[in-house]
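Listed after this line are the structures, all set down as structure tokens.
Both complexes below contain chain A, partnered by chain B and then by chain C.
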Partner chain A sequence: MKAIAKTALPDLFAALQGRVYVPVRDGKGFSFGLWEGQPWPDDYQNAIVPPKHILFPQTEDLYTFRMEGEDMAIDPVAVPEETSFIFGLRPCDCRAIELLDLVFREGPFVDAAYNKRRENTFLMVLGCKEGVPTCFCTSFGLEPAFAPGADWNMWDLGEVLVVEPGTDKGKELLDSLGLFREATDEEKSQVEKLREEAKGTITLHAPTEGITELLQANFDHPLWDEISRKCLECGACTYLCPTCHCYDMQSSSVLGQGRRFRCWDSCMYCNYTLMAGGHNPRPSKRERVRNRFLHKLQYFPENQGEFGCVGCGRCLINCPVCMDITRFMAQAKEVMAK
Partner chain B sequence: MQRMTDNMRKRAGELMAEGKADRFLGWEKGSFWWQSPPVEIKEASEADRLIWDLFCTANLAKYLQQMQSLEGKTGVFVKGCDARGVNRLVRDGVVDRDKVYLVGVPCPGMIDPDKVRKLVGDGDVTITQLEDGLSLKGPLGERKVTLDEVALDKCLLCRHPEPVGCDEVLEGTARAPFTGDPYAEVRELEELDSDERYDYWAEELSRCIRCYACRNVCPACNCIKCVFDMDRPNWLDGATNLSNNQVYQLIRFMHVAGRCIDCGECERACPMGIPLRKLAAKVDKDVSELFGPFEAGLDPEEKLPLGTFDPNDPDSFE
Partner chain C sequence: MTNELIPQIAKVVAVRKETPDVKTFTVRGEKGLPFSYMPGQCAMVSLPSVGEAMFSITSSPTQADMEFSIKRVGLLTEALHKLTPGQTVAVRGPYGNGFPVEMLKGKDLLFIGGGIGLAPLRSLINYCLDNRADYGKVDIIYGARSPQDLVFTDELFERWPKIEGVQVQTTVDVGDETWTGPVGVVTKLLEELNPDPQGRIAITCGPPIMIKFVLRTLAKLGYTDDQIITTLEKRMKCGIGKCGRCNIGGKYICVDGPVFTLAQLRELPDEL
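This part shows the complex of A and B:
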């Protein structure tokens, strides 16, 4: 374990060779943006938009094309090789990136662009001292102030930041930076205390036990009609979800040249899974709302062996009509089990 | 508040029992102190789920579109902005007024949870109504405030807190209507030169993630198929960038010109904190200046400035 004065953070950011993403004040909260010399924001809790866009951009060019006489020339778009540092992401968002890894890197297909970005990215996690009322990470087995998958775990002790590397590449990076001193025993025990106390601050609970099997058995339950009627079919929940990863592929072209790109898609949208010819296996709001919950609680466990929710609470906070996944789970357990 | 809640439950139950409404739309308490989301009451016996407090912000008008295909009448509790939203949908021909029973609720204005959090923190928060204001209790302590100190900005500027065009109105006191300049913020922006204005909006709209929450809560956005959802022709592709975001937002606000009821739901629903009401207000101001003073949603038979031929049109077409 090492330590650094928080006043020295700008020196640390300047010493990191690559793109340094930090929480940046933006609109009504924070988002992850490039560090441009600003001081560390002490009132940062979590970003409104999770940092998944750094690895999986909302819009990403795949190739460009242009007419050359009778022929068409196609040029691939290279993924930048540059190293990225995501500094200050929370354990829930780190876990979410591990879940995206299962989809994009560890499944039968490896997504080249995601994979390259991921290889070149350092996840520098800042443990949560306390959750907010909408946090329920512990329900999904997370620890609010520690991320097992992080390159660095960090804890804010007021004046100093204590850092412990979690991966070989994280250790190598930490050893290469001269800005740190060894953490004192006092600091180490403060970290232990912080980690322990943080767990007790997560008060919201999502009943996960047996939920996958229950949902598997109730694909056509009337509860789906009931809960979906309230949904307004906007994409706030999915676009702000750190594990949602659906995308569409589209092209645009003008005057004989254009580009093929992919962009985030949302199961809340009416064009989601719309096929050529006009058929949509999810024709109404009921099927689309169901898909969002089942993807997190049934399909992800079936396909990746893990829940697809990390309990960050963004969907609860940002839904204009307060759809609440924890409440849905409790309701499902109550009415579907009958 | 409790008296109004009791009245709402009683009235919804009675109207459903009398057959004047087959279902009711209102608000129920959500999972947190700051949430009172919409609820659909299907049986008179469920009426006890209804509540009235200072978080019944969501505009219920929008739900009437999906109720149209159902048999019978839908009862709706409406604040000033909800009532105007219903008038809007009736005027646009997407909701049949005969299938709706409107119960007005005089609106005191709704609370902005962020303003409360700043004063007393989040978590275990209780808000008690006093004779002359509110008592807020939270982890950071106790504060006595007036409702206006913590009300949503959109409510502070509300010109019609009293619901209009209802079948009946419950007894209660609405806040005083805002009588100042509704376009003060727009005028401030208009003072900037065009480059500064462009930079201001470029910065704001670059944050748009195109979740369409603003469109989907809007009672003026009631097209069966939105132009932005069309795939053939694909008027706007799915790429999120400043140019596309500008196209989306500007076309949407031009499309609701003369029909926006200024309920401010677009701005409330925006997770990115984009000041969308300013765009709405600018369009509204232009419409009023070009076609004469007009406020949408006050009358289900109103003549829309951009939807009515008038030989005495103030624009001479020269």
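This part shows the complex of A and C:
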């Protein structure tokens, strides 16, 4: 375990060879952006938008194309060879990236662009001292002030930041930086205390036990009609979700020349599943809301063996009609037949 | 690592008009076949400035060339229908599980197709007929709305019926002055033919309403859910199980399908 004075953080950021992403003030909150010399923001809690976009950009060019008479040329757009450091992400967002890894890096196909970025990215997690009322990470087995998958776990002890590497790559990086001193025993015990106390600050609870099996047995339950009625299909929940990975692929072109790109998509949109002949397998809000919840709570466990929710609370905070996955889970437990 | 989402360029070497709204395109990559595949697998075909969509590969891997039979229903297919030989498209694949050709070995096969639904079946039919010794009797029941909507008429009326152990029955919903064959839905022919389920597998593809009635009729004729195979379609973008939209329950049709037995489908939620 090592330590660094928080006033020395700009030196650390300057020493990191690559793109350094830190929480940057964004309206009333923060989002992850490139460090440009600013001091560490002491009032940072969590980012409004998760740092998912650093690994999986909201819009990403795949290739350019041009038509030349009867011929066509296609030029792939390469993913840049550069190292990224996501400094200060929270354990929930780190866990979400591990879940995205299961989607993009496992299975019969690997997503080449995501995989390359992920290999070149350091996850430097800042443990949460305390949750906010919309946090429910502990329901999904997370610890608010520790991320098992992080390259670094860090804790803010006021004047100093204590760092513990979690991976070989994280340890190598830490050892290569001369800016740290060994953490004192006092600091180490403060970290233990912080970790323990943080757990008690998460007060919102989502009942996960048996929820997958319950939902498997209740695909046609009337609760789906009831909870979906108020949804406006704005898609905010899916855009702000750190584990949502759906994307669309589109082209932009003029006179046969253009680019093909992918961009985030949302299963909450009516044309998401609409087929060319007019058939839509998920024709109403009921099916679309159901798909979003089932993806997190049933399909992810079936396919990846893990829940697809990390309890970050962004969908609760930002839903204009207060759709609440924790409340839905509690309702399901109450009214759905076993 | 190659990016699976980036297609290769292929030349359209032939275009055959099947019906007023179906054309069959023969495409060839720089080195011949764009990629190897198995019957029932699919490919993404695109005109980059218009769009990209998943199509079943209509040809059999036993043939030299890759073919797609495409019905004109939307923006991309409208543009594809304007292609002439010599022009280029982009393709990537193969995607999906394909038909269980090993499991079908030694079995009698019953194909039931409707409309453009014969396109994916044709890949397997020709594969089995080109490996004739491996498969038993082949019965093909095919229906379309009208005589002019019948696809692959050369094979239906000339090539397939001449092969030993192959029976082809074709019906139309509404006949015309030239039509001398049966009139009515495929399920009517199916009931009349009444093929013994013993040692036989039924493979069906067509419009959802047809499939619904075919499944009902097959059950009546004594076919179990394990003896019935179908192939599905969904809106798709990536083809590699990442982009989301083609799921039925937890299964992604692009990688876990598109071919399922009825027994497998019954395990999934009803979201066809």
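As a convention for this text, the second predicted complex is superposed on the first by the 336 of 338 C-alpha atoms of A that agree within 3 Å, B and C clash if a C-alpha of one lies under 4 Å from a C-alpha of the other, contacts with A are read in each partner's own complex, and residues count from 1 in each chain.
Operating definition for what follows: contacts are C-beta pairs under 8 Å (C-beta built on N, C-alpha and C of every residue); 3 or more make two chains touch, one makes a residue touch a chain.
Values in this document were obtained by computation on a predicted structure and should not be read as measured data.
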{"item": "Room on chain A for both chain B and chain C (clash or fit)", "value": "fit"}
{"item": "Touched partner set for A:Ala236, first chain B, second chain C, both or neither", "value": "first"}
{"item": "Partner chain(s) touched by A:Cys267 [first = chain B, second = chain C, both, neither]", "value": "second"}
{"item": "Contacts of A:Tyr63 with chain B and chain C, given as first, second, both or neither", "value": "second"}
{"item": "Partner chain(s) touched by A:Cys246 [first = chain B, second = chain C, both, neither]", "value": "second"}
{"item": "First, second, both or neither for A:Tyr299, with chain B first and chain C second", "value": "second"}
{"item": "For chain A as apex, the angle formed with chain B and chain C - C-alpha centres, to the nearest 10 degrees", "value": "90"}
{"item": "Chain B versus chain C as contact partner of A:Arg288, first or second or both or neither", "value": "neither"}
{"item": "Chain B versus chain C as contact partner of A:Arg195, first or second or both or neither", "value": "neither"}
{"item": "Which of chain B and chain C A:Gly277 touches, first, second, both or neither", "value": "second"}
{"item": "Which superposed partner A:Phe104 touches (first chain B, second chain C, both, neither)", "value": "second"}
{"item": "Smallest separation of CA atoms, chain C relative to chain B, angstrom", "value": "7"}
{"item": "Chain A positions touched by chain B in one structure and by chain C in the second", "value": "248, 265, 274"}
{"item": "Residues of chain A defined as touching chain B within the complex", "value": "26-29, 31, 48-49, 58-59, 132-134, 203-204, 229-230, 232-236, 238-240, 248, 250, 252, 261, 263-266, 269-271, 274, 316, 318, 320-324, 326-327"}
{"item": "Partner chain A, residues of chain B touching it in the complex", "value": "30-32, 35, 37-40, 58, 62-63, 66, 114, 122-123, 207, 209-213, 215-217, 229, 231, 234, 237-241, 265, 268-269, 271-274"}
{"item": "Residue numbers on chain A that touch chain C, as the complex places them", "value": "62-63, 65, 67, 70-74, 76, 103-104, 107-113, 115-116, 219-220, 245-249, 251, 253, 256, 258, 260, 262, 265, 267, 272-277, 279, 281-282, 287, 291, 294-295, 298-299, 302-303"}
{"item": "Chain A-facing residues of chain C, complex", "value": "1-9, 48-53, 73-77, 86-90, 208, 233-235, 237-238, 240-250, 255, 269-272"}
